[in-house]
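Each of the two complexes below includes chain A, the first together with chain B, the second together with chain C.
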Partner chain A sequence: MTAAKRLRTFALIGVAVLLLAVWAFPVLWALLTSFKTERDVLAYPPTIVFEPTLRNYRDVLFGSASILPNLLSSTIVAGVSTALTLLFAVPAAYALARLEFPGRRASGFYVLATQMLPPVGLIIPYYLALQKVGGLDTYWGLIVIYLTFSLPFAIWLLVSYFEDVPREMEEAALLDRAGRLRALWYVILPQVRGGIAVTTIFVFLNAWNEFLFAVVLGGNRVRPVTVAMFNFISVEQTLWAKLAAGAMLAMAPVILLGLLAQRHIVKGLTVGAVKGGGRT
Partner chain B sequence: MTSRGFALALFLPALFALILTTTAPLVYLAWTSAMRIELAMPWLSGFARFDNYVKMGGDPRFWHSLALTAVYTATTVVLQVALGLSLALLVLRIPRGQALLRVAAILPIVLAPVVVGLFWRTLVLSPDVGLVDVVTRALGLGSHNWLGDPDLALISVIAIHTWQWTPFAFLVILASLSALPPEVFEAARIDRASAWQRFRHITLPLIRPAIVIVIIMRTMIALSAFAAIFAATGGGPGTATEILNLYAYRTSFSEFNLGYGAALAMVLLAITLAVSFVMFRVRRRKVAS
Partner chain C sequence: MTATAPAGRVSMRGIVKRHGAFTALHGVDLDIEPGEFFALLGPSGSGKTTTLRILAGLEPLNEGRVMLDGEDVTEREPGERDVAMVFQSYALYPHMTVFDNIAFPLRMIATPRDEVERAVRDAAARVHIDHLLARRPGQLSGGQQQRTALARAIVRKPRLFLLDEPLSNLDAKLRLETRVELRKLQRALGVTTVYVTHDQEEAMTIADRVAVFMEGRIVQVGPPRDIFARPASAVVAGFIGSPPMNLLPAEVRNGVLHVAGVELRPERPLGRDGAVTIGVRPAALRIAATGLPARVYLVEDLGDTTIVDLDVVGQVIKLRTDQRPSVREGEQVHVAMPADALHVFERDSGARREL
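Coming up: the complex of A and B.
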């Protein structure tokens, strides 16, 4: 290896390390902070070596401002809305991907268009409508409204998986007089099991991370953990270490799910746009 | 059951759910934007025709938010694509450790934007103890109020968005680059094409579809950005980071003027739809030619 080449390799590795640092560091720093006392947090220069404490986690979980109820809120809202989304999205995606019906192309385009809607554009009518029917600060209100963003996303992601199933398989099943529903259930769905799992992960992740709808339409009863993060920040003071501990607990599920689905993340991120507005 | 009937039975429930949760609210929004609804003064409520839109024309805060939206969207998208592309090209040449980098890139993406905003507001950008301030002080550049100074605040929220979402551009472009067959480069290497020529005439055209996808998606997301800015600055100081989303939100839920907020939201929707329409149009023409 020549000197110039070796130098270049070193430079490349340097860039890679820098990247790792920039992306991972704030998260690792928060993790570190979550084990510090509030006094250690404010030390200058910042301390890497300190006596770690689990107090923040104990306070955040079992103290007076416990986020346990909020974690429960998030689990209910994200869990139920994910289940509801899949219930609607799986059959719809199959129909869009494989069946003929009047207005299919237009329907696909409609689903895609609804995916583009900015949430701020919808929050006012939701607020007024839920206020009228007594749906503010209720689980069902938030769960139904989460369909807005999760349903179009789930349908498009699932369409891409259904399209990968070989057509011969369903034709064979239909020839056996299996009936369309039975063919779908016993032959097609097992083929897209992986796709459904990936979709479930992403839908849950998006619902868990949602903030705008939660802060406006939730309240004291239904208060997902993304909203509860503000408990640790007030005009008078910021509880740094507790915020860090709370954020770590709140984000642990999505970090785990993200790592679990990391091979599929590019597909999950670009779904919809790849199709370019309707199937051709 | 006919096959058509079967298809409709599978598709219609989702269609109705979507109409209920997206289209019906839009109609209601349009109606609200023609109303005067001030929660603080309910006795003033009533039909206002186009008053809200007329008011917008002479509202400097609206024009300011519109300009900020344009700046915020354009800079974040350009930065993400430029950084993501350069990083992907670099990382592609790293012999080992790509997998580790992919994992690191996933971290910012999966975090809730509101948590990212709070992380930056406290651990990264806060004066004296924030990471950035520690670095600038160590370098002798002094301490700054990164989110409290109106000029710096806009740069800071742009930096936050770019930090969180450059990994998206990076991952998508890297995936596209990794999928290119090595033969295309070998021919060019034999022709003694320079590195820049190879990039300009071979690599770039091949990964253009991926770049276009990134641009479209990131523009849409930037136009609907809310939570990270809300958490970091709340639109402030003053209106220094108040993009249209934040203005519509503050008008509706801090000042309780829902009618005017709805009109602002209508403008936001119109912009989003127009931008996405143009982008898909341009892209389709590119693909066709």
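Coming up: the complex of A and C.
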């Protein structure tokens, strides 16, 4: 290895460590905080060495302000909206990638354009619309609203994966008498597994971490964990330790999902990076 | 073969294909006999692959009819035509094993399991990949992938094989071997085969008959020997043969041919006076004491034959000979052009002038 090369490697490692530190610091801080008593949290200067406690976890799980129902709420909202998104986005993306129909380009642009809207601008119209149809504080109401964002995003993401599958692949399947649906199921879908995994993660993450719509359009019945955690911050006091414990618990399912799909994600992300956006 | 069985007779009538303002095919007519090995030959962009894809039903057409065994299949889906295709890229399903790839067309028509097993092993054995059935396409060499695609095509005994440049991704040596095997396989199976290639040598050696495509039209159809011996136009003449026919501008005046300042008097009548293009195969030319004055431009020694590039009034023509000629580059020589080896084409239309 030449000196210049070695220097480059060191520089790269240095930058990576720096980035990791910036990313990891708040997470580690929250992790530490979740094991502190509320008194230790407010100690100044902050204590690194302290007597750890599991009280916060016990409280947020089984106490009067248990977030277990909220975790369930989040799971339902994120799970169902992810499932529905995939159910509609996969065939839609396939159609956009393959079929020639009038307005194909325009619909592709529309899908992208919805991603450019600041969500906050839609809060009031969504609120009024849901109120009219009785969808406030209901699961289906919140899920429908999430679909309006996740569906265009998922379609846009999946189209590039479908476009990476050579056309000849399904032409061969058509000649082999598979028909469109079986060609899609047996030949095309297995080849875009990575893309579907990546899309699943992104859509689920967005729904799981969503706060703005959940706090406005949800309520007492439907209160995802993000909203519940926010309630630890009140006018009189902020329960930092419990908030941190809640955050740790809320992160767990997402991390689990990420680990399960990691192989697909890494593969999927590189495919997207090298070939993605190659819409002709 | 009985008259009722799907024999694989192809008939295309007046096929027109347009891409916007560009016309890819200007009314193609094509008849292919049952059991024939038929090549569609032409340079890239000449419409040969489009014709094949229209035959397969993969490409919609603007005008014309496609008939298979007397049935109009123009409106039929690809899967309803009973044709199998080998793509240039092979289009193997990467997530399936070789076995599953070959079995796919059978499984799509709900073939019993033991019959699938037997048919796949039989097809694989025919193309010598029966030891690779458990692998995935990514673990195969290019030649093995090509054979897998071939096995997938033959496994369900279609009435028509469509091969789109199936050898173009193989290296030169393997291409020659596979060419021979492909021909033997087709003879053994007796299935009508339509074969697209831009390689004239491949088409000439493998096919019973060849259709030569130029700019969206079929310019000549016939057995390779006929096309070689009597090219229908100057363009075909300049495309067929390796190296292809030499073409030189010439003029007919009072029954005498004027080429590069030299007069040639063939024994046959040359037809009416006017500007023509004359063609002569490289193997018909000889270096001699008299004839066209030329300068030796380059000597290409191919081992058993030698190709001499000659500069005749600013145009390079090629001479091929089995004997090593004793000429050096830059030397002034004369080239004899036997009159009976001459082909004469109209200068403006390029059409062959029958002598």
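The criterion applied here is as follows: the second predicted complex is superposed on the first by the 233 of 280 C-alpha atoms of A that agree within 3 Å, B and C clash if a C-alpha of one lies under 4 Å from a C-alpha of the other, contacts with A are read in each partner's own complex, and residues count from 1 in each chain.
FYI, a residue touches a chain if its C-beta (ideal position, glycine included) is under 8 Å from a C-beta of that chain, and two chains touch if they have at least 3 such contacts.
The model shown is predicted, which means the values in this text are computed figures rather than measured ones.
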### Query
In the superposed arrangement, does A:Ala172 touch chain B (first), chain C (second), both or neither?
second
### Query
Can A:Pro152 be said to touch chain B (first), chain C (second), both, or neither?
first
### Query
After lining up the shared chain so the two structures overlap, which partner does A:Arg182 touch, if you call chain B first and chain C second: first, second, both or neither?
second
### Query
If you stack the two complexes on chain A, which partner ends up touching A:Gln191: first (chain B), second (chain C), both, or neither?
second
### Task
Tell me which partner A:Leu19 touches in the superposition: chain B (first), chain C (second), both or neither.
first
### Query
Touching A:Gly135, do we find chain B (first), chain C (second), both, or neither?
neither
### Message
Which partner chains sit in contact with A:Met116 here, chain B, chain C, both or neither? Use first/second/both/neither.
### Response
first
### Task
Kindly classify A:Gly108 by the partners it touches after superposition: chain B alone (first), chain C alone (second), both, or neither?
neither
### Query
In the superposed arrangement, does chain B or chain C reach more residues of chain A?
B
### Query
Of all residues in chain B, which touch chain A in the complex?
1, 3-4, 6-11, 13-15, 17-18, 20-26, 28-29, 32, 37, 87, 90-91, 93-95, 97, 100-115, 118-124, 126, 128-129, 131, 134, 138, 163, 167-168, 171-172, 175, 213, 216-217, 220, 223-224, 226-227, 230-231, 245, 248-249, 252-253, 258, 261-262, 265-266, 268-269, 272-273, 276, 280, 283-284, 287
#### Entry: chain A residues touching chain C - in the complex, by the definition given at the top
166, 168-169, 171-179, 182, 186-187, 190-191
### chain C residues within the chain A interface of the complex
56-58, 77-80, 83-85, 87, 89, 91, 93-95, 104-105, 108-109, 152, 156
#### Entry: Residues of chain A defined as touching chain B within the complex
9, 12-13, 15-16, 19-20, 22-27, 29-30, 33, 41-42, 44-46, 88-89, 91-92, 94-96, 99-102, 104, 107, 110-111, 113-114, 116-129, 144-145, 147-148, 151-152, 155, 180-181, 205, 208-212, 216, 226, 229-230, 233, 238, 240, 243-244, 247, 250-251, 254-255, 257-259, 262, 265-266, 269-270, 273-274, 276-277
